[in-house]
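One chain, chain A, appears in both complexes that follow, with chain B as partner in the first and chain C in the second.
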Partner chain A sequence: MMDRLAYLWPEIALFIAACVVMVVGISPSVATRKFAAVVAGLGVVAAGILAWTTTPSGNAVTASSGQVLLPGLALYAKVGIAIVALLLLLLKPGTVDRAEEAAIALGVQKFDALRTNRAEFFSFFLFSVMGLMLVAGADDLIWLFLALELTSLPTYIMVAISGGAGREPAARAQEASVKYFFLGALGAAVFLYGFAMLYGATGSTNLNAIHLSLTTGGVSGLALAGLLMSVLGICFKIAAVPMHFYTPDVYQGASPSVAGFLAFVPKTAGFLSLLLLASAVGWTWAPGENGLTVSGGGTSLPEPLRILFWVIAALTMTIGNVLALQQKSVRRILAYSSIAHSGYMLVGLIAGPGDGSFTKNGVAAVLFYLFCYGVMNVGTFAVLSGLERKTRDGQMSEIDSIEDIRGLCATHPRLGWPMAICSLSLLGFPPLLGFWAKLPLFTSAISAGEIILVIVLGLNSAIAAFYYLRLFGAVFLEKPEAGAGEVTASPFVSRRVAAMVSAALVVALVVVVGQLTDASRKAAAPKAEPAASATIPASMNH
Partner chain B sequence: MSNFLATSDLSSYLPIFLVTLMAAGFAIANFFITMILGPKRDGKVKGETYESGMVPMGTARKRFNVRFYLIAMVFLVFDVEIIFLYPWATTFPNLAHGDSNAIIWLSRIFFFLLTTVVAYVYGYRKGVFKFD
Partner chain C sequence: MNMLASIPGVLDAAVLAQASAPAPMAQSQLAHYMFISAALFAIGLIGFLTRRNLIIMFLCTELMFQAAGVALIAFSRFHMNMTGQTFVIFILTVAAAEAAMALALVVLLFRRRESLNAEEFSEMKG
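Let's look at the complex of A and B:
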């Protein structure tokens, strides 16, 4: 009973921080109120340290205390999540209540606890990160579902309240939130139905037991239907085709600080759960007679599942990149780029763990890519949230159009350079972090024999170069617009800090790329003894 | 080694399907049987809204203060608290005397109670209980 608790210390730390934030954030005193963001930061730091020190991994994980399919996953994922969450938190100050706080400071308006959103905003941030960490530690379909929903539900409200005081941005944020919510509910219903069918086919909600049932009894038609529906539903979380339609509208409608959050947190939750589901099926299937797949001996997913992932990956990359070419809004470009990156990562998922060495291990490649994508993506969204211009009704709002970032390296070098570096890194330009992240995806897919998919991946990287270089060229080469004076730096310094830290990490982490890839390889390593020896746990009645 | 498309045992779901069919059939059948067999007598009093024997008055579309919504939310906090407290309270005495798990059980429920207190404090400071 207590061994289960060993997984949850980081989440408990985040939960306590969220409780404190909820009370501190509605204090009538300005100083106390502003302390809420600091408390949230301390909570994330504490969660990161606890994840580093207390999360069991490798052979310390038993079938009664967690999933033994990827026993190192929780440790790696939780520490990585804490680091990126801290960067994301730097974008958050000033997203809500900005006009109210200004009016209170001028003495025009009195503080009304009922009308502020600060406490909710920061505690929802913490709840969502907590849900993401719970996804990383999931060993059961019910746990996985609840954790995925805990990740998503706060984000719907964060989108809705992130619009600020201007009438136009506020309306756009609310519209985005409603779109996001209804499509999210649809996605959740689809993968929950898939989970139910998976339970019906294997007789258990425990991932270890499902693995045992599928590898010994074969994938039945019902189990396959369950898997396909689960994957389809989770495609919503990772913004993959055909569940990608909401992405550009939501990323554009929400403030960039929340859009950056959406690009990392739900996507990581989706990929972690896809990795868990795929490892429950196992990459041990080989082609059998009559075009069917048999368990054991092989190195790929069951053929129908592999084809599904293959088609989704190819379509997601291509549609994301091609549609990004036509956009004029930087937020929409980044949204389509986020779709395309999901497609890249699915390639690693198809390749599977290979023989365990890093260059051939697709699972490690996905885990490494998720962390790198989190770090470099924060930078681009931080630049957008660090710049603003007046809307028609006189409120300040974050910039959107690509015209507004022209010549940024000259006018705002502290924001221009991070944009240049991060967009080159997203492109995968050597020697930046994005290049090292993309490389193992290629090598693992080649060693898994997915040559056509590798060609698609290579072509897509070339297409992506066009719009990433356009972003780079806009900030670095072009002259500022005549009316560029309208674009001013945001008064919230922490956003600039986030942009610079992110860009610095994109450059600096290259030095320790060996250690990072080693950590992700350990996270993707199976347990020393075969996972099939895991018995169906008698401890279901926790 | 096993065949990939092992036959899934869908026949075990047959009882559920039958019960669903029976439920739907029962409802539909009753609907039509009462339409055919039931006597039809109409009157002014009979056409009135049934309100447990009281004579209904006014309209149902009355406006009410939005604060009731907040009160309902606070009620929900305590409602959920009871749902978790009740099974805990009935199983806690079953622990053997001196069981080492007792302190864990007790501290867990206190942690849970603390979280509901936080929800209450949040509601209080948000001004849910202020009526002016």
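Let's look at the complex of A and C:
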């Protein structure tokens, strides 16, 4: 029992914080209500510290207590999630209750605990992050299913209420939510059916047992069908091609503070579960000289699964980047860029763990990229949520059009520079974090022999340069519009802070990029000594 | 006791067989259940893609969830372990949570538009 609990301390901290927030957020006193965001922040910090100190990794993980396929995954992912979640939390104050609080402050309206939704908003944030951490620690298909649903269900509501009180933004947010929810339910049904088939083929829902069954008994047709369906369903979470249609509409309709959340949390959940599924079916591990290397260069995924990933990756990158070119809305550009980034990360998944060294390890590359993408992406969405203009009905609403960010470096340097830095980093401009994140994707795919995919990846990076440089040029080179005074900085300082912090991280983390890649390499490493209960035969490499 | 033993994942088939000793399920019998389950899933998927009423669309996703449930129970009996049935209990819970959310969203949208046609909700395009 205790060895199971050792994986759950961060989630327990988040759960407690979520419950406290639900009570604090409906307090009749303004000061106490405002404290809800602080409690949520404390919960995330506590979860991060607990993840760092208590999560077992490497050889401490046994087959009875956790998944032994990627035993370092939970520690790395949970700490990374806590850091990005803290940045995301900074965007959240004022998203749902701004008009209401203003009316209460003016005395026009009385506080009504039944009608306010600040408490739900922050506790759903925490529940969703908790679901994401549970995905990272999953060792069972039932657990994985519940964790994925716990990640997604709160986000549907967060999107629906993120429009606030303004008529126009609220209508768009609700429309976005309905699209997101219905496609999400479809995706969940598809991967659930895939999980059912995997159970049918192997007789177990435990990932260690599934791995054992698939590697010793071979991958049956039923298991393969199950895997393919699971992957297709999870494509919804990562916004990859057959299930990507919702992305631009949802990111545009939801407030940018929630859109930034959607671009990191469900996407990370999807990628972590894809990594778990792929490691359950292939990627043969064997202990090497330094205890961390694996045998068998390149991929050992079953061929149909590899082809499926290949097609999804190539289409996702290309569609995301090409459609981003013709957008006028910054939110839609970022949505398509988020689709394209999923395609990039799938390349690492196809490359597989290689021989375990960082440049050849696609799994480590994906894990590193997820963290870097989280940091850079928060920056861009923080800038969007940190600026606002009046809508037709007189409410203040976050900006959307690319016209609105013209000359931002001159008019609002504290938001303009983060936008410039983060869009260059998303492009993968050399000294910045995005470059160091993209590099191992290329090297791992080359060492796995996926030359055509590398060419597609390179071409796509070039296409992406057009729209990222357009964003960069708009804020840095262009002159502000004549009516630039209409765009004002948001009164919520924490959003500006988030933008500046993530831009600073994009620059500063480059210094410690060696340590970060080392951490992600350890997260992708197998156990040094195969445990007796999960002895993994090296028979998958022909 | 059996429930406790099933927590780590794989239940010892012998324990179950001792307790109730049902005859193992034949592959052909399993195929019947799989046919029903696949049919439910296909009906749900086709319905989701062709119908435009939000409530019907939601019911179609529920149908797909239950298709997975039927498959899991059949597999559970086939493999003689309880994991599949445990899974179904969790699926029912999640399906209930989704239903609550879907109905809340539907009410919210109906108040605004007086319609449940999915095509009416397409303000954003591109």
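Here is the rule we go by: the second predicted complex is superposed on the first by the 514 of 542 C-alpha atoms of A that agree within 3 Å, B and C clash if a C-alpha of one lies under 4 Å from a C-alpha of the other, contacts with A are read in each partner's own complex, and residues count from 1 in each chain.
In this section, contacts are C-beta pairs under 8 Å (C-beta built on N, C-alpha and C of every residue); 3 or more make two chains touch, one makes a residue touch a chain.
Because the structure is predicted, anything quoted here is derived from the model rather than measured.
In the superposition on chain A, contact of A:G221 is made with chain B only, not with chain C. When both complexes are overlaid on chain A, the residue A:A489 reaches neither chain B nor chain C. Look at A:L114: by the touch rule set out above, it reaches chain B but stays clear of chain C. By the document's definition of touching, neither partner reaches A:V513: not chain B, not chain C.
Between chain B and chain C, C touches the greater number of residues of chain A. In the superposition on chain A, contact of A:M22 is made with chain B only, not with chain C.
By the document's definition of touching, neither partner reaches A:L42: not chain B, not chain C.
Shared-chain residue A:R332: touches chain C; no touch with chain B.
In the superposition on chain A, contact of A:P302 is made with chain B only, not with chain C. According to the touch criterion, the shared surface of chain A, contacted by chain B in one complex and chain C in the other, consists of residues 200.
For chain B in complex with chain A, the touching residues are 1-8, 10, 13, 101, 104, 115, 118, 121-122, 125-127.
Listing the residues of chain A that touch chain B in their complex gives 1-2, 15, 19, 22-23, 26-27, 112-114, 119, 200-201, 216-224, 285, 288, 292-296, 302-303.
Against chain A, the residues of chain C that register as touching in their complex are 8-10, 37, 41, 44-45, 48, 54, 57-58, 61, 64-65, 67-68, 71-72, 74-75, 78-79, 81, 83-84, 86-87, 90-91, 94, 97-98, 101-102, 105, 108-109, 112, 118, 121-126. In the complex of the two chains, the chain A residues touching chain C come out as 64, 140-142, 145-146, 149, 153, 156-157, 160, 171-172, 174-179, 181-182, 185-186, 188-190, 192-193, 195-197, 199-200, 203-206, 208-209, 248-249, 252-253, 326-327, 329, 332.
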